[in-house]
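The structures considered in this document are given below.
One chain, chain A, links the two complexes that follow: it is found with chain B in the first and with chain C in the second.
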Partner chain A sequence: MDSSRKQQVAVSELVHPKGAIRSPARPLPELRNLRTWASLLVVAVLAVLPALSGSFLLYSLSLCFANALAVLSVSVLVRYGGEVSIGHSFFVALGAYSVAILEKHFGLGLWISLPAALALGFVAGLLFAIPSRRMSGIYLAVASMALALCLPELLIHMERWTGGFEGLYISRDLVPGVSKAGQRYYLALAALVLVCLALAHFRGSRQGMALLLARAHPRAAEAFGITRSWARISIFALSATLASLSGAVLAFASSTVSPNSFTLWSGIFYLVGSVIGLQGTSLIAALIGGGVITLIPQYLASAGDYVPILYGAALLIVTLVANSGSGLRRFLPGKAA
Partner chain B sequence: MSALSALPQDLPPLLWSGLVSGCLYGLGALGLVMVFKSSKVVNFAHGNLAGLAAFLVYGFSSGVLLNLSWGSAVALALGLTAIIGVLGYAVIAPLVFKSDLTSTIATLGIGLILQGTIQIVFGAEIVSLELPIPSFGFGLGSLRITAYDLTVLAVTALMIGGLFFVIERTRLGIAFRAVCSNPFASRVCGLNLRLVHLFSWVSGAVLGLVAALLIVPTTFLSSTTVASFMLTAFTAAVVGGFSSLPGAAVGGIVVGIAMNLFSFYVSPEFMNTFLLGVIMLTLNFFPDGLLEKAAGGRV
Partner chain C sequence: MQSANLAPPSPQPGALIAHGLNLSFGGIEVLKGVDLDLRPGLVTGLIGPNGAGKTSLFNCLTGLYRPTAGRIALGDTGLDALSPARRAGLGMVRSFQHMALSPDLTLLENVMTGLTLSRRSGWASAFLPLPGGRAETQDAQRRAMAALDELGIAAAAHLAPPELPPGTQRLGEIARALVAHPRVLLLDEPAAGLNAVETRDLTRALRRVMHPGLIMVVVEHDMDLIMQLCDRIYVLNFGKVIACGSPAAVQADPEVLRVYLGADDE
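This part shows the complex of A and B:
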């Protein structure tokens, strides 16, 4: 009796090996439904919020959404690529500055600069991922640190284009005639919701599965014609595109860009946000991550020096708990892939 | 054209000072590589710990925290740094055997905490920290060799010599090499992996402290100079192949000289961009480092 049950367990393990690809139906159908409803509820609340609240809250929420997108871009990289980047501030800045520069020097609005930012982010991600395509993920992490550190000096010394220390302002409206705060808020919210939907779809798509397979079983993937270097380059390019989108939204929502917002620390903070959201790619996880990294510095401005310690401790605690034995992990939501 | 004709005048001092600072980058890189070789963790807290150590020496010798002589301040800071190194390893110890990336992320957490500690205790001030050495120098052609240069070279030679003696000649060193080349087999043979990891983490911390102390007189000490020093050490490690100790030392010197040439002939403002370029080119064309063939597989 007992042994036959064990065998059943063993067979089901074969079908769904631990840590390998599972079909999109994750842990429990009820839990998944619950999550969908929770996400819908959150979106509904966020959608009607502008009618009820003041403009400062809307402003900080728009920044939250933009940062949530950046956090998502890091999470996607970790989830699908198994790689860590602390230099995503570079791609965020790329998106932000393309919006600002296209407006300042060419008079173009968001309708054109947003797609341009996405394309630039994609190309930059591709170029950056190519040299380390065959190496283990740690080389990418090291290279990404250099990427984050070279950003401020590039921004400051290419003053003619980037405005140097002072940065640039963005004043053009997306839709003329609508209130500024409103369109900033709704653009950020719409971008976040659309990206989350797209990622949920991507998770079950052929491409998504192929990337997960390349991460979990590189040799099996290679037998299907998916080389590991192709998988790594494409996932990094996708992640950089997302980061660039986040930057474009951030620039539009905050109406200003300056080198101060894109330091090595911002790159590390995106990673902190991603880890705090357990590297999830759902709306809720992204909002938690983005919320933490946006609101804590804003509301603890007087305790600014404690922020790194707080983030560092959060990073350590979450990583330790998430990787501890099954005892503690029971309390975390299912961690597939 | 004038740059070309001035080459015999300009080049020797550039190479010399590149060699001197390169030794220090090499020391920084050695710490990173030792930790990476034995425990497969990229220690992003390395630079922050080195920075904190330098600030501790400053704090103990200047009266901010204590008012000690330079020597005892260094000894105290050395002890504290070693303890922090051990603590840092203890915190991430549960993650070390799980995955390289998780433990690497965790070292970022440690780095953030150390960085925050520097900011809280010492603020954002910029301090200078001199070495207690006599200031003399002599000319040699277009070169000017100072006491500082000689100190750096002597200390580097001493540190590297000591390190290689330990690794080549002692039981601990043999254990270190065994764990680096095959952790599983060493465990089967009854080696204590944690002990070897601790050895490399503490040596890394000490090397970082020495490098930071020696590099600070040429710049200033602030909570941000550390980050660029860390990047240079990382670049040196990548150039050396990231898992080769001689590679790290040579990588440091190569990077030091290259940086000097770049800042003199091209532009001093885009130093980090240059380092990014060096990292990308090395990863693309010499993925195992410049010493790949020369050094073989040992150490």
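This part shows the complex of A and C:
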């Protein structure tokens, strides 16, 4: 009896991709403290870094932070929705182009375009989630891929608005008089830290817990009034809003948007970043995921075609270690504190 | 043996009534004209051999299946067109045969999910530590803790379900079902996967949480649990109710004995 139960558990872990990487509900208290301190230390170091380092490093790090937000948007979908999207580049592009188009055609700065990007991301998330709410697993992933595939064509086709192949530049400052590099860096850092704090709070909220129950046992959740449609639509809208925020930050931090930055590969890389951060929604997990997908292509630009191979290797290593069942994974990031 | 009479449901305020339920899957009749009268303050058992239609009947009550004919009502409210989530809103909760706690939440948090329908905090409170949302969360924690305490498993509140023995997980599920003070508690094989000691603890806990306003319905194979727990038992066979009455009356019913022990005395 006992052994058959165990066997059942083992088999279900194998066939249930959502449970493939699983950590205990709450890490040990001392470990949580350690993580909080580590996160504070990281934030402190990042906050004083501009005084010490050159502008290229700051530029790279701003992109890291923006990509970390995109990675978070995918991780949130995986962790709370149990679903995988490879088309999040669509929502990221939506945010990025909102900022660029509102500046270029309407002369509006980030104070207006950032909230607009968030609102658009939210609406786009709803518009995608409502018709696809009954799809899951590979079918949802493929549907999201369609979004990502149509995007570059759309951007090129709407050349009058989007600038076509060349894209658009973003030059307006958020706070006039402050150095450009500094503004970009601190906006991206602040957005990332605030989102991580909000997500940590979300984990203990009514909605967060309802989503976690719905992910593990949809029928049980339904018995407590949490419908599948509500769960899917909420988590997708949230994830798309985050992705759009990441796009807006990315556009501001890099001062430019172009169709090349939002291909299907970007969507896949966000997913890679999410897996490497063990689908965690903590600051450190997001930074690891965002860092890997930003810095590897930058510093290994000469390696060119080898980048996807490196990603593949990283994915394999992370997946194997996370599923090794050893005590090792306790020390990996990957749980909302 | 007046117990074997299939008395028609008599109206009683707040009772869960099923009348003339039929259910068929592609020509196979699973339920044939089942009448149930489930009253507040009573624990009602649904038993019967494998394939008798217990689970189908249970799923009709919870709203997972739509009966092909017949009506189900809770008090004055007809339930026929309501989804499981809407029935939950009327105060009907259920437990599951397989453990259905989230492994990502602590036991306490799992119990708190049972309060989802009664909580009102909006999305702003989900992301920001607003005073209203915090007060509500604290209140939910307190109520969930009280429910765990009532079932005697408060010590496990901060552990994750996979770390807990099946008996504790099952009690946790029952705490989650009871935390919002439901009118109807439907238990689907609560003793499945539990050992004898755990089953005994479960029986005691269920007796303890029973109160005059609660309709408790148990589908179960474990006869010890059924006989100790239930006030009233319906016996099903081939989709029909063949007996109904107190545990003692049902145990002495010749038809029930024949179904359970075989017809070797003929």
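The rule is short, and it goes like this: the second predicted complex is superposed on the first by the 295 of 337 C-alpha atoms of A that agree within 3 Å, B and C clash if a C-alpha of one lies under 4 Å from a C-alpha of the other, contacts with A are read in each partner's own complex, and residues count from 1 in each chain.
Methods note: a residue touches a chain if its C-beta (ideal position, glycine included) is under 8 Å from a C-beta of that chain, and two chains touch if they have at least 3 such contacts.
If you're wondering where the values come from, they're calculated on a predicted model, not measured in any experiment.
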(request) Please tell me, clash or fit, for chain B and chain C sharing chain A in the overlay. (result) fit
(request) Determine, under the contact definition given at the top, whether A:P297 touches first (chain B), second (chain C), both, or neither. (result) neither
(request) In the overlay, answer first, second, both or neither for which of chain B and chain C A:A221 touches. (result) second
(request) Using the touch criterion from the header, give the chain among chain B and chain C with more contacted residues in chain A. (result) B
(message) With both complexes superposed on chain A, which partner does A:G182 reach: first (chain B), second (chain C), both or neither?
(response) neither
(message) Just checking: does A:A198 make contact with chain B only, chain C only, both, or neither of them? Give me first, second, both or neither.
(response) second
(request) Considering only the touch criterion stated at the top, classify A:G208 as touching first (chain B), second (chain C), both, or neither. (result) second
(message) After the superposition on A, what does A:G109 contact: first (chain B), second (chain C), both or neither?
(response) neither
(message) Contact-wise, after the overlay, does A:E153 reach chain B, chain C, both or neither (first, second, both, neither)?
(response) first
(request) With both complexes overlaid on chain A, what's the closest CA-to-CA approach of chain B to chain C, in Å? (result) 14
(request) Could you please specify the touching residues of chain A with respect to chain C in the complex? (result) 5, 19, 22, 24-26, 79, 198-199, 201-202, 204-210, 212-213, 215-217, 219-227
(request) In the complex, go through chain B and note every residue touching chain A. (result) 36, 42, 44, 91-92, 94-95, 98, 100-102, 104-106, 108-117, 119-120, 227-228, 230-231, 234-235, 237-238, 242, 269-273, 275-276, 279-281, 283-284, 287
(request) Using the touch rule from the top, collect the residues of chain A that touch chain B in their complex. (result) 78, 82-84, 86, 128, 130-132, 134-139, 141-143, 145-147, 149-150, 153-154, 157, 264, 268, 271-272, 275, 305-316, 319-320, 323-324
(request) Under the touch definition given earlier, write down the residues of chain C that touch chain A in their complex. (result) 62, 64, 83-85, 88-89, 93-94, 96, 100-106, 109-110, 112-114, 116-117, 119, 121, 123, 125-129, 133, 136-137, 140, 158-163, 166, 176, 193
